[in-house]
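Next up: the structures, one after another.
In the two assemblies presented below, chain A is common to both, partnered first by chain B and then by chain C.
The block that comes next holds the complex of A and B.
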C-alpha cells in the first residue's frame, strides 16, 4: 500500500515537494520503522513505536491545518477526543470501532467546520486562543455529561479481543494498525501538498487577498483542509482509545496534548510533508526514555528539558529538523544572479484587434469610509480590447474603485457589471466571482506569496485554468519567461527586488488568462528601460484581446498606452476622453497642480 | 436577595482577582503584540517568591511586593531580550507562540523540580479575615486586591498618558517604524513594557499568594481566563481589562451559582468565543486598528 501511493510522485518536476528519490527514501524509512519493532519483538520497544506512529499521525494531520493553511490550532485534541469517545461509546453498544472510527470522523468534521468557519477571520494568536477556548468547552462538557461520557471517572472499553474489536493481547497487530493510520495520514498530507489544494492553502496562508484575487475560494479550501485534518485526527483518536483501553476527559481533551501535537510538527518542520514524522521520531523516544529514566529521580526534569528544547528550537532552527536536513543534503536555494534582466522582448502582433463594445460597466459607484466620501457616483465603461487609463492625484479614490471592480469592496450603492464570454451580463460580488468571470487584478502594494518560489507564485494564478499540477507548472513557466522572470523560477519570492515583485504580480494575474485586466500602478518604482519594456508588454497583452484598466502615475506610459483616460479627483470623475485632450483640461491641471497654477497659465 | 448580593460581591471580588492578573498581560499583548503564554507562570514565580520570603524571613506578604515586583520586572526584561526580541522579525507570529509555550512548559516543570507537586501555603498575615459589609461577607485580602487593582489601573494610565516614557510606549504600540524614526529606541521600549507587564504580575502575586495555595500549575488556572479578559476588554486597553475582568468575574460567579459550578468555564469561554467572533475589537477597545482580524 505504501509503495503504490508513494511511487506515483511526479518525477519530472524539479520543485515538486516530493520527487521520486525522496519518495523512495521515505518508503524505505517507513518500512524500516515498521520492521524494527517487529524484529526486536520487545513489548516496551513496540509500545514506543506505536506511540511514535500515533503522534506522528496526529501531527501530520495537524500540519495540514497548522502548517499548510497556517491556522495554528491548539485545540486539535477536540477531534482526537471525539474519535476516542465515539469509538468507546459505540463499542459499549456492541458496534465495532472500525465503524466507530468513521462515526467519530463524521462528527469531527461537522464540529471542525462549525468551529473553524466563524474563526477563520481571526489571525494568528487569536485563532489559537479561540481553539483553546473550544477545547476547554469540550472538556468541561465531557465532564458534565456523565450519563454519556462517564464524567471524570472516564470510560473503560469492554474486554473483547480480536481484529474485529481493535483490541489485542499482543502488540504487533496494534503496531500494524498504528502504522497503517500513519501511512494514510502521510498519504493524505502528501496528496494535498502536491496538488492544487496545497498550493491554494499555502497561498491563502501567505496572502489572503492575493489568493482571492487569483480566484481561490479561501474559505472553502481551508474548510476542506480542516475537515481532512479533523477526520484523520479522529481516526487516530479511536484507535488510541482502543489501545489505551481507558479514556477520561482530562486526557482526551487535553491542552498539553494539543500543544505537543503542534510541537512535533514545528520541531520537525512546519508545512513540510514528513516534518511531523521526523519531529515525532526524534522527540517521542526522547520523552518516553526521559520519563522512564529521569522521571523517577526528578519530578519535572523531563518536562523542563522538553520546554527548553522547544524554546531553543524556535530560536535557533525555526525551520525545524527538516530545515537542517535539507541544508545538509545540499538542497540549497538556487543561485539568485542579478535581477536586472528585463522583460523579454515580445513580438508584437501585426495588427491590434479593433475596439469592440462595452465589456465592463461601473454604474454609479458610491462608497463612504466613515465620514469620507471616497467615491461619489463614479460611472464609466471599459470597451473590449481597449486600454483605459485611470489617473488622478493621491487620495482620489482610484484604488477604491479598483477594489470595487474586483469584489474586494462592496459599493454602498451602484454596481459593477461584466459581460461574460457568451455575451450575457453579470454582476459578480465576491473576488472569487470576479476571478471566475475573467477579471484579474494586481495590487499597488505588491502581494507575493513570500514563502513560495516564483514558479509556485505564478502557478497559483495558472491553477485558475488548470486543475493539474503539471499543466499549471508549464503554463506558469511559459508566463514567467514571457515576463522575464525565467532565471528566478526557483527563487523564493521574498528575495526579489521591487521591480521583480511588480513583474511577478503581473505574471501571476496573466497566468489566469483574464479577459479583463486591472493593473494598479505596475510601473511605479521601476527604471526607465523597464518602463518602456512594460509598455510594450502591455500593448502585446492588449493585442492578444485582453481589455485593460490601468491606474498609473507614469505619464509617459499613460500617454502612450491609453486609448481613453478617466480622471478621478476627490472621488469624482472630473474628465474623460483621449489622453491628449485630458491633459489639457483645465480641471485636470487644477486637480494636480492647484488653482494658482491655472491662474498663472491663463 | 442576600444570596444574590453575596454572589454579586463574590463575582466582583473574583473580577478584581482576574483584573490584577490580567493588567500586565494586556500591556504586553497590546504593546509588544506578543501572546505570552508564560504569563501565568510569571504569576507562579511571583507567588513562590512571596511564599519563600514570607516563610523564610517571616515578613508580611504585602511587604514582599517591594522585592517581588522588581524581580519579576527583571524576569520580564530577560524574556523579552533573550526570547522574544530575536523573534520579533520572524516570518509569522506562530513562532513566538511556540516560544512562550515552551517557556511556560519549562517554568512549570522547573517549579515542579524545585518545589515538588505539593502546594505551598503562604502565611495569610491576617488577609483571610472575613469582613462584613452590610449583608455580604468578603475577605480582607479580596478587598485589598480590589483596591490594588483599581490603583494599578489608575497608576498605569497616568504613566502612559502623562510621562514621556509612557508616550513613547504608546507611540511604539501604534507604529513601530514611525516611532523608531522619531528616535525612540524600540527594543528598549519593548523590554521596558515587557518588564512592567511582568512587574504587574509580581505586584499581583503579593496579594494573591496569601489567599490561594501556590502550586506549579497555578499559572495555567489563571492564564486562560486572563486571555479571555484581555480580549474582552480590548487589546492593550488597561481600563478595558479591568471592566472585562469584572464582567468575567460576575459571569463566573453567577453561572457557578445558578447553572452549576462545573459549567462555569463553559459560560466564561462561551462569552469569550462570542466576543471573539462577533466583536473581535473587544467591548472597550480604544483603537480601531485591528491587526488580528482580516478585513
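The block that comes next holds the complex of A and C.
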C-alpha cells in the first residue's frame, strides 16, 4: 500500500526563487563581458560589444512583453525610435540627452498604452498587427514632419562632447553606458519575473480565464508590462542615437530591427530572464562576422545566415539556447515518478458550524446562445456554510450557470447577488469583481498554467492574499500538501494526469481562501477511494466556514456531501431539495439517473 | 495478441512505468486498475506509440511494435480512444468520423465501415452534420468511440470512457462497450469506475506506482481485499 502513509510535513519554502549561485554566475558573466573589450582596447571589438549590449538590452525589454506577457510585438522599434528622436530633438534645443531619454520614455509609455489597451481586450493576433501598423505610422510621421524631424534626410546630433551630452571621442564611456542600460533592463526583467507581476503575466499568457478567476486584472498587468518595456526601449533608443550621431526614419522605425529584437529573445529563450542576452551574445557577433566575410561579395547574405540559424533553433531547440543550457546545468534532475500521493486525510472539526442565511442569490437567470435557451429563469440561493449540489445531464446548462455566478458570462436578464463580509449585498459583474468579493471557481475543462510548475500554479491563487513571493510560496506549499500534490511541487503542470489537474484546480482556488467556492466536476477521473478522501476534504473546507456549490456527476459524492441539491435539465430547474428526496423524483430518474441507478440504490 | 515486457516509460526526466509486463489475448476484455497517476494512461499511450518506452518490448500479434510511430500502430489495428474525448470540435460529426478512417487501408473501406459503426450508434447518425463541439458530453463520448471504431481496430483501448458523464450516460457508454465486446473485439480498458469495469472485463491488472502488483480474473479481483479497500472504497 502506498497511499496510506502520507508525508504531511511541508518543507520550508526556498528563500529565493533565483538561487545565489545563479546570480553569482550571471554577475561573473556580465563583468567578463564588460572587462573583455576594455582589456582588449580595440575600437572595433568595443563597437561589437556595445552593439551586443544595446541589442541584448532591447531584447530583454521586448521579452517582458513578448515573453512574459506572450504578446508578440513586431513593432518595438516604435519606442526605440521615439527615444532616439526625443533625445536628438531635445539635444538640438540644448537639453541633455540624460533628460531627453526620460522625455522619450514618457512619450513611449503613453503611445504603448494607447496601442495596447484596445488590443489587450481582444484575443488573437491584433496586438502584433497593431504594432506593425503603428510602426509604419510613426515612420511616415517622421518623414512628413520635416521641420521637427528633418524628414528623410534625418537629423545629425550637434557635436558636443562629454558625459553631459552622452557623446564621446573614445568608445569606453559609451561601452559603460550601454552596459549600464543592459544591467538596468536585466534588473527590471528579473524583478518582474520573480515577483507577483511576473506570475500574473505568465498566468495570463497561459490561461486568461483561469487567471481572471484567480483575481488577476489581466488587462492591467499587461499594460504595466508593456509600459515598462516601452520605457526601457526608449532609454536605449536615446543612447543609441547619441552613439550613432545620426538618425533617420527608415533606420529608427524599422520593421527589420523590430523583428531582430524579437528574434534574439526567441533564439536565446523566450520568457527567461537572460535568454535575450544569450541570444544577442550568440547572434550579434555571428551577424557582424557574416557581414564582414560575406558583405563584399554577397550583399544581404548575412540575412540568409540568420534565417538558417533561426530554422535550426526552432527545429532543435524549441526552448532556445536557454533550454539547452539549463539542461546541461542540471536544472532537470531525473526523478522517479512519485505519482500516487493521495488527498490528505484531513482531521475534521468536531462540529460543523450551523447553516446561516443566504450568501449568494441567483435571481431569474436567463441566457440564450444563438437561439438556444441555455438557462431559463434559473433562481436559487446558497446559504452560508452550506454545500449545494448542482446536478443534471450533460448539456443541461450547469456550467453556463457557473459562468454567470463567476462573471464570465453576463445573463441576458436576471442577476447574481453576493453578500460581502460586512453583510451588505453586491452584484459583481466581472470575474475580477467576483474574485475580489471572495468567490472562487474551478473549471470543468481544467485550465492549468502549463509552463508553470505545480507550486507556481498554486502561487497564482495565493497571490490573491499575499503580495510577497515567499508568503505566497509558503501558502501554496501548504495547500499543495493538503491536496496531495506535495510530491509534484516542482513538476510542470502539463505532466499531471486528469485527476492531478483536477486537484490542481482546487488547490489554486483554495489558495485564494475564498468564502464561496464553485467546484465544477472536481471528482471526475478519481477512483472511489480517492472520492471518499475528497469528500472528507470538501467537508473540512465546509467546516472552516466556506460555502460551496458543486457540479458533480459522481453520485456517491453528491449524496454524501450536499445539504441540498438543485437539478437542472434543458436549462430549467426540475427539482430541488434534500438529496435523498431528489433521487427518488421520477423526473430526475428519467432525465439524469436512469433506471439502473434506482435498482442499485434499492 | 498484445504483449508488454518490462516496459519503462515516462515524460521527459520523469519515469512513470517501472518495468511493467502484461498481455491481452484475442477476444479478451482486460482492464487496468490503479490509483490516479499510477501509470494507467501512460501504459495506453505507450502501446499507442504516443510515448516511446525507454526500455522493454511491445509486441502485437507477434510483431515488434516498440518503436513504431503512432500512425503505423493504428495501421496494425490498435486504436486508442483518449481520455477526455479529444474530438475535433470545429469539424462536423461526420468529418470527425472520417478522420478516424484517415489511414489508407481504412479509407478504402470508409463507406462500409461508416454504415457498420453508425448502426451501433443511432444517436450519432442523427447528429452527423452538427459540429462536434456543439454536442453534449455524452454524445461527444459516443462520437469519440465511433471515431475509434472507424479505423477498424482489432484492439480497442479505452481511457476513462465514463469521465464527467451523467449516471444515465455512463450506463449507455458501458452498454455500447458491451455491444462492441460482443462483436468479438479485443478491448483494453482503463476506468476509475472500477466496479462497473471489472463487471465487464474478463481479467484485470492492478497498477501501483508504475508497477503491476496484482493480476487475476475480474471475479477474483472483485473479492480481493486489497482491491476492495483501495479501489472500491468498501
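Quick note on the criterion: the second predicted complex is superposed on the first by the 564 of 602 C-alpha atoms of A that agree within 3 Å, B and C clash if a C-alpha of one lies under 4 Å from a C-alpha of the other, contacts with A are read in each partner's own complex, and residues count from 1 in each chain.
The definition used in the following text is that a contact is a pair of C-beta atoms (placed from the backbone, for glycine too) under 8 Å apart; a residue touches a chain by one contact, two chains touch by 3 or more.
Here the structure is a predicted model, which means the values were calculated and not measured.
Colleague: According to the stated criteria, A:261 is in contact with first (chain B), second (chain C), both, or neither; which is it?
Modeller: neither
Colleague: A:307 in the overlay: touching chain B, chain C, both, or neither? Say first, second, both or neither.
Modeller: A:307 contacts chain B only, not chain C.
Colleague: Tell me the contact category for A:216 with respect to chain B and chain C: first, second, both or neither.
Modeller: After superposition on chain A, A:216 lies in contact with neither partner.
Colleague: I'd like to know which partner A:72 touches here: chain B for first, chain C for second, both or neither.
Modeller: So A:72 only meets chain B here.
Colleague: Kindly classify A:228 by the partners it touches after superposition: chain B alone (first), chain C alone (second), both, or neither?
Modeller: So A:228 meets neither chain B nor chain C here.
Colleague: State whether A:82 touches chain B only (first), chain C only (second), both chains, or neither.
Modeller: Neither partner.
Colleague: Can you pull the chain A residues that chain B and chain C both touch?
Modeller: Of chain A, no residue contacts chain B in one complex and chain C in the other.
Colleague: Hey, which residues of chain A end up touching chain C in the complex?
Modeller: Where chain A meets chain C, its residues are 1-3, 332-340, 342, 391-395, 444, 491, 495-500, 521, 524-532, 553, 555-556, 591-594, 596-597.
Colleague: Quick one: in the complex, what on chain A touches chain B?
Modeller: 66, 70, 72, 118-126, 128-130, 132-134, 136-137, 140-141, 143-144, 208-209, 255, 259, 262-263, 266, 270, 298-304, 306-311, 313-315, 318, 450-451
Colleague: Residues of chain C touching chain A in their complex?
Modeller: Listed in rising order, the residues of chain C that touch chain A are 10-16, 18, 34-39, 41, 83-84, 135-139, 160, 163-171, 192, 194-195, 208-210, 226, 229-233.
Colleague: Once bound in the complex, which stretches of chain B touch chain A?
Modeller: 35, 83, 86-87, 90-95, 97-99, 101-113, 116-117, 216, 220, 224, 227-228, 231, 260, 262-263, 265-266, 269-270, 272-273, 276-277, 280, 291-295
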